[in-house]
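Below, chain A partners chain B and then partners chain C, in two separate complexes.
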Partner chain A sequence: MAAVSLKGIRKTYPNGLEVVKGIDLEIENGKLCVLVGPSGCGKSTLLRMIAGLESVTAGHIEIAGKDVAALEPAERDIAMVFQNYALYPHMSVFDNIAYGLRNRGTPRNEIKARVEEAEKLLALDGLLQRRPRELSGGQRQRVAMGRAIVRRPSAFLFDEPLSNLDAKLRTQMRVEIRTLQQRLGVTSVYVTHDQLEAMTMADQLVVMNAGQIEQVGTPAQVYDAPVSQFVAGFLGSPAMNFLPGTIQAAGDLVLDAGGHVTLTGTATQMQGQRVIAGVRPEAIGIAQGAPAFTARLELVEELGSARLLHLRLGQTTLVAVVGRETAFATGQDLPVSIPAASVHLFNEKTGRALV
Partner chain B sequence: MQAKRVTFQRTALPLALLAPQLAVTGIFFLWPAYQAMRQSLYQEDAFGLKVVFSGLTNFYDLAVDPTYLASLLTTLVFSLSVAAVSLSFGLLLAVLADGVGRGSKFYQLFLVWPYAVAPAVSGVLWVYMFDPSIGPITKLLRVVGIDWNHQIHSGQALALIVMASCAKQIAYNFLFFLAGLQSIPKSLLEAAALDAAGPIRRFFTIQFPLLTPTSFFLLVVNMVYAFFETFGVIDATTYGGPGQSTNILVYRVFNDGFKNQRIGASAAESVVLLAIVAVFTFIQFRYVERKVEY
Partner chain C sequence: MNGHKPHRVRTLLVHLGLILAAAFMAMPLWFAFVASTYQGGDFISGHVGWLPGSNFWNTYVTTLNGTAAQALALPPMGSALLNSLIMAMLIACGKILISLPSAYAVTYFNFPFRSLCFWVIFITLMLPVEVRIVPTFQVAATLGLLNSYAGLTLPLIASATATFLFRQTFLTVPDELTEAARIDGASPLRFFIDVVIPLSRTNIAALFVILFIYGWNQYLWPLLVTTKASYSTIVMTVGRLSEASGEGDPVWNYTMATAILALLPPVFVVVAMQRLFVRGLVETEK
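== the complex of A and B ==
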């Protein structure tokens, strides 16, 4: 049974803007589902509808098998972590965490026990009497988590909980949240626009675009087999290279920018078709096998673990990730090879993947 | 030489720009204040023929004058009532307008109007509405069995000046409370809603505590207003009567100085008022500057 189930969810704001355009989604018990997409695609709106903070224009939401349409946010058995943490500034950490329990009439000693449990779980030792303003960003984040977990809800909702933290802390908190979520086994919906966060944390990855779901799957499935140019370009950093071209003779893709890529499989039957070839930067080879074309090296970015090569082919630029064994000088012309198996083909007009 | 010129240039312009303000402060505040302090140390006979230095006699006379002490008590009761009534109503209206959301601009405009009405004008309106013989509200009150005549009943007179003084302050408090409420991040209230706090509990546990700095600031402002700026209201409604029942300090200064020609006593009363405003200002600066961080 799905822990959270969305059927035909739509949202039109009073100003007439339809920002969620029919979402169907089933989230399994205990799984972490990440909603990812560009800014303004309706992720927060969808999450807030699940929480009951925003009205639903059409569709049904079920949480733990119950239709929540008629339920107040507090009755939905969910807890939410906000982007700005939304800690009560005038209350101590203890009171922040205990607030929801007190409002629900939980006995005093039970509250104490649960807050102390959260204190241990979240490494908040010695911080319970402080005010939020006396905490670091990461600590505030943990308090917000604590406020969510003491309630023991059947689902957690996260709205970009890490976006206010610096890069290093973000990586650390990402791991902490994921570990905690797995330990507690609570179904979670996690909104982010950071593709790395999405890839690393998700059991179930949902890519959204303009109020609709583009693709649902495990991170590996979505990364390996993107259904559209949008998904392909959104996941992965550096982003996938896109090269328009025409399939000429069987399996010979002639790129508009110059050069040939050899294709295999069903693509060999698509003679004469206009396509966009997507190639991930790490799939591109330099001076290996039969080169598809030669390209001018314009810039080398040192990553420490690898190098990014910015190559120019005619009017287009593409990015390749290479190891550090060979040194390259800018201005060089390099033979570039593209393995047939690594090419994703997309319909030039619709952007849909061609299998 | 050059350094000197530079320094001079630096102070000249700011001084020139400040000059009008300094002049206004000097002419309308510092000079009268100085005069009041000086005159509070002298006594004059009723014909203004002789002026004698009398030290602190004027202040001593005030301290033992039962009517002055009664007036002080009246002022305290009056200003606390004005503050309490206008703060509660301002807050109530702000909470309602905050809940309305969209139409709040309309309410804002509507509620701010009283603030633009001169105290004397609004005083005249109140006098008319509560006029013992022809006032429409008086007639209404008679229907429910209340005999209203603030020219006879001192309690009613006090109630009248409290009401007349509050009208303006409610508008002012409303604006500040509304701004305060709207500066509370929405997500805090949403988090509280998820934490099972209903609207009333949210108000008392989240909004009201977060408004504390605003409330304190407004309390001081309202007290200062009731102490010092209600002259116009009283002069348009009760003239300090019946008897001494609404003769608050600021009205008394005027009465003693201009009507009774007791210049020395009036000056001493002004100095006491000055001291009180100084205390309020000190409290204001000392405690109100603290801000809440979200």
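== the complex of A and C ==
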């Protein structure tokens, strides 16, 4: 059964701007669904509509099988974690976590028990009497989580909960949130514009663009088989390389920038078609196998675990990830090979994936 | 070592300047105090210098025990102070109690004619009691409010300053808090009491101080609506003393002593609430 179900959701703001343009989505019980997309694509708006903080222009929202159209946020059986935590600054951590329970008339000893349970679960020991301003960013984030979990809702909603943290803490909290979510088994909708967060956390990954869903699937599915150039370019870091070209004789893609890429499968029957070839940086081979073209090495970035090579081919640049076995000097001309199986082809005009 | 010297000299000069300015501001107060320690006539005849005279004890005892007021047929000191206190408290608390919910309404709720309401409230800023004194007196008289605490305070309570300031304060409360509270199941009233008011604590304190002094210093309006001595305020007493002349001599020593005494309660309020007051004026982060 779908824990959260969205049907034909639309949102037009009073200023006439339509920011969500028909979203259909089913999120299964206990799964973590990540909404990812560029800034301004309507992720937060969609999440806030699920929460009931924003009115829905058209469409139906069901949470745990119940139509929530007429329900206040508090009645929807959801909990939300905000980007800047939205903790009540004048209340102690205990009161912050307990506030939602108190408003629901939960008995005193039950509140105490639940807050203490959250305290253990979130490693908030000894912090319950502090004010939010006396906590670090990571601790505040945990308190915000605590406030969400004590209510035992049927869904958690997260709106970029980690974007105020530094990189290291973000990685750590990412794991903590994911672990906790799996342990509690609560259906979650998680909004982010960070593709790494999206890839690592999601059971179900939803890529949004301009108020619409581009693709839904597991992170691996979406990464391996992007349905459009937008999705392909959005996921993965460094981003996929795009090389325009024309398919000439069977299986021979002639790149505009110069060079030949060999294609296999159905692509061999698309002779004469203009396409954009997408190649992930880690798929590119340097000085191995038959070279597709030679490119000049312009810059080497050291990552520690690997190296990024910035290559120039005519007017285009491309990025390759290579191991650290071989050293490369900038200014070198390198033979670049592109395995046929790793090439994604996109329609030059529509950006849709071919094949 | 050398590098420090000009710095110290400059600090010294700055401090000297500040001390002089402070002394300059305090001068009238000092003279009021000095004048209160001489005989009534000495002030006029120019016998009053920079230093206090020998009559301190006598002046303040007779002022406080009411002998001085009695001799001049003025209301007793104690009741005047009490009246002032009641008036200032009623005005300060009344304004705050009315302004908090009205500011909450115009800030957080969407209702028809909301901005009209706000502007109507705002316009009253331009109509203090002094401007509308004749019609206000007429209304107060018709309602039978003359010689009552209600008459003393109600017309002064009705004004927009506090509503306007609270609205500005409420606007600084982040929207996320409102949303978090909605998800936490807080009703609008609960949110008001549990979140908005505690977050405005320092602003309420600051406003209380300002309004208390405003109420305490009222002169014209109390003069109009009270005719009975039992409703007379301390500021009115100061005014009457400066006109009264007992057996011929103006009683400047009593006038000044009363003025000094009238000063103490507001000073006490400011000192007691200083920490909150300053934070309320300076603090912007919520």
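Here is the rule we use: the second predicted complex is superposed on the first by the 355 of 355 C-alpha atoms of A that agree within 3 Å, B and C clash if a C-alpha of one lies under 4 Å from a C-alpha of the other, contacts with A are read in each partner's own complex, and residues count from 1 in each chain.
Assume contacts are C-beta pairs under 8 Å (C-beta built on N, C-alpha and C of every residue); 3 or more make two chains touch, one makes a residue touch a chain.
Keep in mind that this is a model prediction, so the values were computed, not measured.
K.L.:
Since both structures carry chain A, what do chain B and chain C do when superposed there: clash or fit?
P.N.:
After superposition on chain A, chain B vs chain C: clash.
K.L.:
Return first, second, both or neither, reflecting whether A:V336 touches chain B, chain C, both chains, or no partner chain.
P.N.:
neither
K.L.:
For A:I23 in the superposed arrangement: first (chain B), second (chain C), both or neither?
P.N.:
In the superposed model, A:I23 contacts neither chain B nor chain C.
K.L.:
Can you pull the chain A residues that chain B and chain C both touch?
P.N.:
Comparing the two interfaces on chain A, one with chain B and one with chain C, the shared residues are 51, 53, 72-74, 78-80, 82-84, 86, 88-90, 99-100, 103-104, 147.
K.L.:
Residues of chain A touching chain C in their complex?
P.N.:
Within the complex, chain A contacts chain C at residues 51-53, 72-74, 78-80, 82-84, 86-90, 99-100, 103-104, 147.
K.L.:
Please output the residues of chain A touching chain B within their complex, sorted ascending.
P.N.:
Its residues touching chain B are 51, 53, 72-74, 78-80, 82-84, 86, 88-90, 99-100, 103-104, 133, 147.
K.L.:
Within their complex, state which residues of chain C touch chain A.
P.N.:
Interface residues on the chain C side: 174, 176-177, 179-187, 190, 194-195, 198-199, 201, 286.
K.L.:
Show me the residue ranges of chain B that touch chain A in the complex, using the header's touch definition.
P.N.:
Touch residues, chain B against chain A: 185, 187-188, 190-197, 201, 205-206, 209-210, 212, 292-294.
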